[in-house]
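Each chain gets a letter, A, B, C and D, in the order it is written, and its residues are counted from 1.
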Amino acid sequence: MTDNILDIQDLRLSFRSHGGVTEVLHGVSLSVAPEERVALVGESGSGKSVTARAVLGLLQSQRSAQITGRILFEGRDLASLSGANRRKLRGTKMSMIFQDPVSSLNPLFRIEDQFREVLRRSERSADMRRTREVAGKLLRDVSIDDPERVLASFPFQLSGGMNQRVMIAMALVNEPSLLIADEPGTALDVTVQDQTLKLMRKLADDRRAAVFFISHNLGVVREFSNRLYVIYQGRIVESGPTGSIFDDPRHPYTKALLAAVPRITRAGIPEIEESPEAFSAPCEIHETAGVAA
Amino acid sequence: MNRAVQIILSRPLSIAGSVLIAVVVLSAAMADLLAPFPDHRGTVVDFSNFNQPPSRQNLMGTDLVGRDLFSRILYAYRLSLILGAVVLALAVPVGVTVGLVAGYFGGWVRFVLMRTTDVFLSIPPLVLAMSIMGVLEPTLTNGMIAVTVMWWPWYSRLVHNLTLAEREEGYVLAAEIIGASRFHVMFREILPNCVPAILTKMTLDLGFVILIASSLSFLGLGVQPPTPDLGSMVAEGAQYLPDSWWLTVFPGLAILVAVFGFNLLGDALREILGTEQ
Amino acid sequence: MPRLLSGLLACALLALSALAANAERVLRLDEVAVGELDPAKASDYADSILMFNVYDTLVLPRQGGPGHTPHLAESWVGSGTEYTFTLRSDVSFQSGNPMTAEDVKFSFDRMVSIGQGLSFLFGNVESVDALDTYTVRFNLSEPYAPFVSALVRLPIVDKQLVMNNLGDGEGEMGDWGSEYLSQNGAGTGAYIVKSHNPQDETVMVKFDGYFLGVNERAPDTVRLRYGLEAATVRTLIAQGEHDISSQWLPPEVKKALAADGNQLLTEGGTGSFYFKMNTMKEPLDDVNCRLAISSAFDYESVLKLIAITDEISEGTAATGAITAGMFGAKPTSQALSRDVEAAKAHLAQCRHDPSTFSVEISWIAEVPLEERLALLLQANLAEVGISSTIRKVPWAAFAGMVENPDNTPNISQIFVTAVTGDPDTLLYGMYHSSKAGTWQSPEHLSDAQVDMLLDAGRAGETDGERESAYSALNDRLLTIAPSIYGFDSQAVFVARPGISVPALSDPNMAFGLDTMGFAFRLMEIE
Amino acid sequence: MSAVLKLLAGRLAISLLVLAGVSMLIFAIARVIPGDPARIALGPNATPEQVEKLRQELRLDQPIWLQYGHFLSDLSRGELGTSLYTNRPVTRDIAQFLPATLELILAAGILMICIGLPLGIVAAKNEGGFIDNLVRVVSLLGVSAPSFVWAVILMILFAFFLPLFPIAGRIGTQFDVPQITGFLFVDCLLTGKLDALADALWHVALPAFALALSGIGQAARLTRANMVETYRRPHIEMARSYGFPEWRIARKYAFRPSLIPSLTIIGLDFAAMLGNAFLVEAIFAWPGLSRYGVAVILRKDLNAIVGTVLIISAAFLIANLIVDLLIALINPRIRHGRDRS
């Protein structure tokens, strides 16, 4: 159909719970082209994180989750793949960078152990020497000067920024074609966050990986992404090239979001006045002239 | 509170727990009305009708002197519940105060108080209670004292840990900055935040106190006859197994039902109040 | 499937036990913990079983009748304050050492020096002289008629073996070998201690060199286990895993086992059950109150309570203060019975108003039957207008409480047996004013006439003198009613079919002495 | 590793302090017993002189603090006095009875871990499902009845109505295992008597299970709660995002971290089992220290009470030390010192 890395078509998602069924996504469609950096922006609870998890195939195995619509990864429908085959894609063809680096790494194992675990997803027989070789190089790429020390450490022995870089390096071990980043660095302070994004952008460019970037912060996205989708309460409300949206926000929610940008607190959560009626206006699509580079 | 009721109602197990407890408490409270032979809680002998299996007249059979087992179990419930309530009423304030003081003051106060607590906790509970009962005469009052002595340290440890965490919270600092008295900070600021955890533990413990008390009576160190007591009934009946099974099975089940009820409810409370230990 | 499995297992077990039975005759029995192996410290039933099998005594009670027969002693002469015994010369200890007069003297010295167990029986013995290798003389401080009967409680230990194993202690005799004898046997008895764990089990094996020889159908190995629960014994016997129960099984359990086809063994005539009334504390310091209570007690119901089968019961109707069959006992036709009217009449004469007092009835925690007896008495008393409370007392606490009349319960319950089979050892400790305030004597009785009669019975030269003294004592005790004479107790044991214990099943073979029936050498296993 | 040693040394010091406290507490309790232990021990017919002699031997005529001093000096020589119950040195009684209890508790502990943990894991994997609720009911039931009730029920079911298990003692009477260590399992192995070992294991099964039931319930509940909590942590999601196999995630990412709090409770449960062993040993005629403990408490046997309680408390403290050590080994945060974060 297309040669997009990722194509999401009319994704609907609901969860069953004690209280009944809660619909989270009401038909989300989006796409990520090769080497493109696409951002999905929305408040917490808007459905952006579950979208990322659905892409990874993490929700499909949950009994309480009901998913309809199609998720195509490199042209293949994830729903048509077996659980095992879906799992094969994770960590190899696509990998994810998480919000909180310190708690996302296994607290009980050394960094090198965790690298080896990841490396073995593509190289079954990778031993510790091979691991150190691969990981050492990657760690240097993420500007870690003493990879040996870092590899021999436990996550709790490293700073937050350090852990974040470790996680980025880890995500790149198997040279994925799609990198999903879930608000990377939000748990860290602003300067570290900034460094992290720059690093990620550089590394993705070097490796020609596409990035699907999730954030609640339009300010961060402006620097980083080629294209962006704004999501509100499980619906895409505006989409288009980043510049175009920033220059000409059309949807009331996007406008509200933009207005909130300057007030970046430490936690980076924009405060938006609630006016649901206006926000539920139909989706605004900025036409794209070809694929942005 | 509505949320709590809603959550309880949404789980079959917590409903079951509530129902069990309701049944136990009601039958204890209305023992006088429900018991077919209320006078059998005391001294009655009927050697023409002793050690009889369950029948229409005696739903759970009769004991070794011809008393109706069902009536006696109802009264035993009353006693167990009173005992549990009294023990907790004594142990909780002591334990909570010790824990609060130790956690809030810190330093050597904490060292002395918590090490004392450790001393009590490092003697297996039953052994401690037995030693105390061995010294005192086995009566209901002394039984309660013995169980109380072994129970308070658990609360002081719990509250101590909670206090350590709460002490760092902003509201405590704020109160201190305005110059509130230590007493005020401990009991008016910190304590209310510990209440959910204490409450949960109390629900669970009510069951466990009944358990320990029955274990003590099983060893002959508890309530004295003719007062009906579940643990003693099991202990006495156990000698007549398997022929006179009803002597053991019904009192044993009675313990199980009561404690199980409190456990189910405590478990639910723990989730509702978010007080995972 | 589970049924098949358990069936298979049962078959396997049967095959196994059949094999074991062919290989050797094993006797398995149980008693309460702990088993005290040191004969100088032996006092209760378990200890006595050990003592009578590992050790021997100079004399034994005559089977099926009164009097004593020679055992380690060949013969004896003496009366008053001097008794001389000639020992058998063909007896050797399990160690191989020959048994001589020195051993007898040593055994006596050891018993008295340690001063525990039943050593009080020899309080009147001043010294023992070994006259030659096989002659030994006991010198008494005053005439003591039951002396010969007391000798059934003087086990003879192997002096040489003990001297080789003395432990630390004060004086030249160190610990008198206590440490060693608490773990090992040193007797002439028919059974050798193979292993001993006082809380678990004593294993004994037949001693081939026993001086009387041992019946080949007698058990080769005996396993005496301690502290089995009633339900456990019930199950084990039902499964054929246990041979003889202790007497402490509740009557209902014995009944159930008897119904399964097991036999009941009995041992009686040596003791009784009493409700003891504290004569030094209000309101039972008044004899009329005591008489009211003894008359109010339901002697018939209690027999119903302890009956096991139609023929066999844990007791027979009491006739008075002295157990039927002993000197001074009433004929069995004169059983005591309840008399409510008399009780009310006595109560009216009592100087304490029944509406103003409540009597405390205690029961010994280790004897559950006593709880039921207490409840029965409580109900009986309520009928004549006396209120009462019931209190459970562990034995150890009871032994402490009774020292002081103020702490002694109004009514306590005790089973008492004559440790030598002689009425002196039954009655003296209970009723003599010099012995007041022990677990046997919570009456704290102080009655000059009773004291006089007890001393007369003890000093009596002939059986006739003793009979008349005890007969008068019986009457006196019925008049002043320090106790309710509940029933004459009879120990009942359950035994698997195939075990033959004549001394406990045939009255003509009975010893008239507690525990002697458990001499394993006289048992037979099919 | 030095951090672990340091931690252990600290814990050990505190444990010793606590043990000293326990000794004082139990010593005080044992000495206020009403009634004269010497009188009780000697029986009804002892003369006042005999009683007085024993009182002096027991030092009951001295003030309590002097008695405690003597007790400490005896203790330093490894003596705990003579038991009035067995007439033997308390140390010898303990040496004879403790192995049986430890064996029983160890067996129960193994059952608790081998049944409780898997139940908890299965429940956590099926959170909210039928199996989860079933496990919850079963484990709550296990906690809800005293071990003596379970002991009686198990005995009736599996020894009487369905005679599958033996009900009394540590080993069948047909076996003759020489005492080497006092630990029957070890002795069987040392002497190569495997059939005896099998029989001993068969004997320990029911009492151990009765003893373990509440522990199994506790362990299952706790493991479930911790696993559920751990499964919600980000590092599990990260592991999933890398497509690691589920079993590997369960083992390496979920189970190991959730084992840490479980281990603490297992340590505490040891205390409960030491206490509950009193009830179970009585029913299964298990010749252990707990049964001895009940007997000596009922008989007011001072030396034996003090000795037994001290040993049991020491065993409990040691169990907790071992747990602390295990946790330190599992948790690198402790192994490598906590202050470096």
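By definition in this document, a residue touches a chain if its C-beta (ideal position, glycine included) is under 8 Å from a C-beta of that chain, and two chains touch if they have at least 3 such contacts.
Quick caveat, the model's predicted, so the values are computed rather than measured.
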| item | value |
| --- | --- |
| Chain occupying the most central position, where position means C-alpha average | D |
| More contacts between chains, B-D or B-C | B-D |
| Greatest separation from chain A - chain, by CA centre | C |
| Inter-centroid spacing, chain C versus chain A (mean Cα positions, whole Å) | 88 |
| Distance between the centres, which are taken as Cα means, of chain C and chain B, whole angstrom | 43 |
| Centre-to-centre distance between chain D and chain B (centres being mean Cα positions), rounded to whole Å | 23 |
| Chain centre separation in whole Å, for chain B relative to chain A (CA means) | 52 |
| Junction residues of chain B - those touching two or more other chains | 220, 238, 241-242 |
| Where chain C touches two or more other chains, by residue | 229, 231, 235, 365, 394, 397 |
| Junction residues of chain D - those touching two or more other chains | 34, 152, 155, 160, 282-283, 298, 300 |
| Interface residues, chain A side, partner chain D - complex | 53, 56, 58, 63, 87-92, 95-96, 98-100, 103-110, 117-118, 121, 154, 156-157, 167, 180 |
| Interface residues, chain B side, partner chain D - complex | 12-13, 115-116, 118-127, 130-132, 134-135, 207, 211, 214-215, 218-220, 231, 234-235, 238, 241-242, 245, 248, 252, 255-256, 259-260, 263-264, 267, 276 |
| Chain B contact footprint on chain D (complex, rising order) | 14-15, 17-19, 21-22, 25-26, 29-30, 32-34, 133, 136-137, 140-141, 143-146, 148-149, 152-153, 155-156, 160-161, 221, 225, 229, 271-272, 274-276, 278-279, 282-283, 293-294, 297-298, 300, 305, 309, 312-313, 316-317, 320 |
| Chain D-facing residues of chain C, complex | 2, 5-6, 9-10, 13, 16, 20, 26, 28, 33-34, 36, 38, 41, 43, 115-118, 120, 178-179, 182-183, 197-201, 223, 225-229, 231-232, 235-236, 238-239, 241, 365, 394-397, 399-401, 403, 429, 438-441 |
| Touch list for chain B against partner chain C, complex | 43-45, 47, 51, 64-65, 137-138, 220, 224-226, 236, 238-244 |
